[in-house]
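Take a look at the structures listed below.
Shared between the two complexes below is subunit A, which pairs with subunit B and subunit C, respectively.
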Partner chain A sequence: MKINLKQAWHTLKNKPGFESFLASAAAIGIGLIFGFLLLVIFKAEKSVYGLSQILVVGFSSAAKFSKVLYQAAPLIMTGLSVGFAFKTGLFNIGASGQYMLGMFMALYSGIVWQFPWYAALIMAMLGGAIWGAMPGLFKAYFNVNEVITSIMFNWIGLFAVNVLLANIPMVLADYYGASNPDRTANMSAANKAAIIPKWGLDTLFDSTYMNISIFMAIILAVIIYFVLNRTTFGYELKACGFNRNASIYAGINAKRNIVLSMVIAGSLAGFGGGLYYLSGTAQYTIEKLLATMGFNGIPVALLATSNPIGIIFSALFISYIQVGGEAMQPEFAKEIVDIIISVIIYLSAFSLLLKGIIRKLIKQSATAGKEVAP
Partner chain B sequence: MSDFIIEMLQITKEFPGIKANDNITLQLKKGEVHALLGENGAGKSTLMSILFGLYQAEHGEIHKNGQKVLINNPNDANALNIGMVHQHFKLVEVFSVLENIILGVEPTKYSVLKRNEARQKIVQLSQQYKLSVEPDALIEDISVGMQQRVEILKMLYRDNEILIFDEPTAVLTPQEIKELMAIIRGLKAEGKSILFITHKLNEIMEVADRCTVLRKGQCIGTVDIDQTSVEELSRMMVGRPVQLIVDKADLIPGEIVLAVEHLTVASKLHKNNAVKDVSFNVRAGEIVCLAGIEGNGQSELIYALTGIEKPVSGRLTLKGHDLTKSSIRDRSKAGISHIPEDRHKFGLVLDYSLAENLVLQRYWEPRFHQNGLINREAVNQYADNLISKYDIRSGQGAQTIVRSMSGGNQQKAIVAREIDKNPELLIAIQPTRGLDIGAIEYIHTQLVAQRDSGKGVLLVSLELDEVMNVSDRILVIYEGNIVGEFDPKETTVEQLGLYMAGARRNDVKGGQV
Partner chain C sequence: MIILADIISATIIFAIPLLLVALGGMYSERSGTINIALEGIMIIGALFSSLFLNYAEKSGWGASHAQLAMLLAILVGGVTGLIYSLLLALASVSLKADQTIGGTALNLFAPAFAIVLSWAVQGQGQTTIYIPTWIKITQANFGLTISENPGFWEAMIFKNLYLTTPVAIVILALTIFLIYQTRFGLRLRACGEHPQAADSVGINVYKLRYIGVAISGFLAGIGGLAFTIAAGSGFQSTVAGYGFFALAVMIFGNWNPIRIFGAALFFALFKVIGSYSGSIPFLPSFSGIKYSQYLYQMLPYIVTMIILVFTSKKSRAPKAEGIPYDKGSR
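Up next, the complex of A and B:
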């Protein structure tokens, strides 16, 4: 048994992704320790309680776990959006705006056109795709940095969506008799067919949050992984990302690929917006804040080193500690979880450094083992 | 009193993962020119950096005149009268020649610079050693050759007795190299001791008294130049006999493969055209070499040939097919292969595996995919085939990440990829830049093999030795014009140098053979 473990360890540590995984785990660990220190500073006597809330609440009941999955689905999508673009050499910081456009198209087509949920989701993808295409076109044809344009398109998207929603009475809640004029309609009143089906999962998990969106997100992650790693299209996209010059020399149309890459990234984020707001439980409030779901896609992607399969897990993790953070209230402000996430992002930016340290430790343990052996 | 002015005894220096110097002993006699020979990465520069105080050795001692000395930084080296001319000059561009020479050892009185005293000493030194410089010219305005003379004067101004030259000829034209050789002989005549780092054998034969050869961090031996030959030195350097002169039979060139007619290409740097109304052709079974000093339009010409830039005007045809307006991919399909000038920037996707890089020019062929799904088995099989055929060495075979491979093997991968396409025309731009002598020999052999199998080869090179050695016909490009056409058998390096520098020209229009 012992030997088997050793062998397993040996094969595991030689896997290429292993160091990345350990580096991410280390970032998470240090982030949690830092969060715990904050809890101690704010309210030492409750600090252990606070940390345990963060760490266990997500699994404490089926209902809480449903909440984790419910928030994870759109996070996977925005994470995929950022991660996919990153794999192709583009920094898509505009997932937030693409998510907003996806949300708008889903709501508009679902309520005004009375589209069923699947058609509304396709419209959401389209909205995100258009919003992603903009920075892509600017980058490809005018060489404008996509970071700048996508930040601007975040704000353009936010205000455009707010203005549009405020002027379409049918999508607002008070049209259906509710008393909050700055909110979008409750889907069950506006169009039941546009709500993403639950397939009985809601009764199984005893939570209205539970639907099939998490499965759709996971399937899309697998598809993206497949496209990136197994197709000539993915081969071209990644080649452009790693070395644009060499790709051009190889006859690859780099401009077209930049636009396509941003279109796909945008449609993924837009799909996330659709998933969240077609759940039947979420209503959009018209305010001047960019959707955090879009920005949280960045840490999700970073933590997974942009690996689509890794993104599934990192999104689940971020969602998990967010649910835990909400449960810390009122003893602690839930923003502490945001601080923890920030620390984790900060450290994942050092992932190369962490990887180097981990590699050294593995080597040291290997040579130490040799020296002990007769 | 010892015979040797400087002795480096059993020097060992390790960097993470590599022994750069392994128990090396180097003894410099007073008043000799001592060459230090070795391939890239053999440890020459590390050894000299230890002597100059930039690195500290883990083991070993340095003696001067038989006394043990400690050199912890360049100031210590200076105090021991050791000076160094680095490969990349250490000069302040916006300072004058005089200011650069006295920098750090300014003669002052009441902290006011005694400029006249400095000038007198510099003028006297430059006359004594025949190092002509203009003391008041700014460094950015003077030629590379004069910059080098400034570096030498810097050493002399500090009364250095031991002068280290790190690859001093790498940046010079043939005429400037000749002048430098004369200067070195002059320095020797005045009793200076000189250490001369190089990997060019001819220079050693010309100017050195003795030569120490390094290979992979180890000292292979020290020989007297009058008792050795170029062949022996190269064998010591590489570890096996090396074919220095490329073996190629006479061939009568066949039909025209590439025809370039009145090609004009715009420049990205300035408003003038980089390539001006250039016409030439490349025939089957010949290697045409485009010689010239960097920045005279070679790059832009190649961009236009390979399709990366659109020409302003002109026409190019490959075996009669007009390719002027074709895309990069179409030109590649039509039979142009291309070994680009910067393998990291243009030739390889460094974070892709070797297999992925080997199919970079043909992954779209039906045999490598089915409906867009990459056929990994076919890709790996193809890669393994090329790896064994072209002897590409790497850690994990086809799955090695190219970034981790050596420069020579990276270049071999590109050569394999481009030649295996079986092109009509192979364009190779400085294919041997930064490679050691073994890899250079390999690349040259491959180029000649292409020529012998009846393909056209267009070689762009800055190395005149390579130009003379490999080509069947030489075109000299100067300021975007082809200013001369030569047969390598009937011309000299000096003559080419004059044309390359723009001192002479006889414009060639039409590329008649």
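Up next, the complex of A and C:
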């Protein structure tokens, strides 16, 4: 039995993913320590309470855990959107705008056309895909940097969605007798069939936040993983990102692939917008701020080094500590959690360095073990 | 006519932060480092310079030495921005990490830190740091009397005049000189175009990239203060995406200081038309549409996209930007 454990350890530590995993774990540990130091500086007597809120609240009850899953589902989608684009050599900073368009199409088709939830989700993907196609088209045919187009279309999308929603009375809450005119309708009043089904999970977890969207997000992550790693199409997209000229030389249509990458990335973010706003619990309020869910996709993707399966876990992790961060209010600002995330991302930039240190440590422990053995 | 003066003066005050930050981005990219962290650096610069001005106001010293305090605030913004940007340089130059990762981390850190620090300094929930009104340059600074009904020129010049404006113009002139007329400028550009070639003639690529990022941090820090002044309601832990617009202005300006100046003015003009749309008589008002002001607020972004389509065929980024320089690689 002892030997088996040793063998397992040996095979595990030689796997290439293991060092990356340890490096990420180390980054997370240092980030949390940094956050704890901030808590101590600002309110020493409450610091332990604050940290325990961040670390424990997400698991403290079924209701809180449903909140983690509820926020993680759209986060996985925007993370996939950014990560997929990264894998194909594009920086999709426009997930926010694509998410907004996805939300708009989901609400419009769900309420005005009375679409059922699955059809409305497909419309959400379509909305995100159209908005994602823009940076792709501008890059492929006009040589405009996709970062700039994405940023511009984030704002165009925000304002366009605001004007459109404000001028379609049916999607607004006051059409159904609610008092706030700047809010979209409560789905249970507008179209019950457009709410993502709960399959009894809400009673099981005792929370209205619980529905099947987390499963849909995970399935899509697996599909994206499969497409990127097991299909010719995915290989072409990655080759195009790795070296555009070489891929053109190899007969790959680079322009088409840039547009397709962005269309897929956009549709993923748009799907996220649909998931969140068809949950039956979220209502969009017309405001002048870009959707943060889109921007949070960037750290989610970076933390997972754009690996679709890793994105599931990084989104769950970020959602988990965000729920914890909300619970530590009003003693501390919940933004401390954002600081922790940013430190983790910054350290993940050092992943090569961290990996080197970890490799050294493993080697040292191995040689130390040998010296003791005889 | 007075509305025209208003628009011109508002255009200038909104163009200043864009100009400063885009010039900063240019220094960094000319040295070969993409600085996506401009937004975060602006926030840090704005945070500390606003806190400084706030402190100068409370101590009572600021009001009597208004322009000196403002100059110091500009330095505070610049220096804190510079220090913050060194974190980017450390990650992307020394440790050769992916430049978007370090930049994204800095962008994420800054607004959260600003909120946490504003709360700690001013008390819970007090997110806005108010900027004193005495920082404005008035007619009195030039020994002129303030007239009841200012004429066209007077309104245009003094409506929104702050020390950041002349400082930005001086920085623009200095930049044009520095980039194209000095040895430093040539070397900086070489590091962004072909670092191996630069290294082969004895230029320290790492050092120049550090300097490029540091200058961008200094300028973005000042730009943060300039944005806070332009926005007018104090510092609220955000610069409303101006760091990213500045990136767009820099690309639009083709990494060339004079064209960046033009691009900043252009972008600011449409931004101002967007927010003044209600008071400009000849613009259609779309009265049947709720929230029609949003239609005008889309304008700067749409116009920028259209212009980029026509100009970016010729657009040429520094060749080596975004690629960490490794002495050992071929």
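Observations
By our rule, the second predicted complex is superposed on the first by the 362 of 374 C-alpha atoms of A that agree within 3 Å, B and C clash if a C-alpha of one lies under 4 Å from a C-alpha of the other, contacts with A are read in each partner's own complex, and residues count from 1 in each chain.
The rule is short, and it goes like this: contacts are C-beta pairs under 8 Å (C-beta built on N, C-alpha and C of every residue); 3 or more make two chains touch, one makes a residue touch a chain.
None of these values were measured; they are calculated from a predicted model.
On the shared subunit subunit A, the superposed partners subunit B and subunit C are arranged side by side without overlap. Legend: residue contacts after superposition of the two complexes on their common chain; A:I336 is shown touching subunit C, with no touch to subunit B.
More residues of subunit A lie in contact with C than with the other chain of the pair subunit B and subunit C.
In the superposition on chain A, contact of A:L38 is made with subunit C only, not with subunit B. Within the superposed three-chain model, A:Y175 lies out of touch with both subunit B and subunit C [touch as defined at top]. In the superposition on chain A, A:N245 makes contact with subunit B only, not with subunit C. With both structures placed on the common chain, the touch criterion links A:R230 to subunit B but leaves subunit C unconnected. When both complexes are overlaid on chain A, the residue A:F18 reaches neither subunit B nor subunit C.
Geometry note, superposition on chain A: angle between subunit B and subunit C about the Cα centre of subunit A is 70 degrees, to the nearest 10.
Here subunit B and subunit C sit at a least CA-CA distance of 5 Å once the structures share a frame through chain A. Across the two superposed structures, the residue set of subunit A contacted by subunit B and also by subunit C is empty.
Looking at the complex, you find that subunit A touches subunit C at residues 38, 42, 91, 93, 138, 142-145, 147-149, 151-153, 155-156, 159-160, 162-163, 166-167, 286, 290, 298-299, 302, 330, 333, 335-339, 341-343, 345-346, 348-353. On subunit C, the positions that touch subunit A within their shared complex are 36, 87, 91-92, 95-98, 100-102, 104-106, 108-109, 111-113, 115-116, 119-120, 124, 241, 244-245, 247-248, 251-252, 289-292, 294-295, 297-298, 301-302, 304-305, 308-309, 312-313, 315, 317. Those residues of subunit A that touch subunit B in the shared complex are 230-233, 235, 238-239, 242-243, 245-252.
Within the complex, the subunit B residues that touch subunit A are 306, 308, 327-330, 332, 338, 340, 345-352, 356, 360-361, 363-364, 368-369, 372-374, 376.
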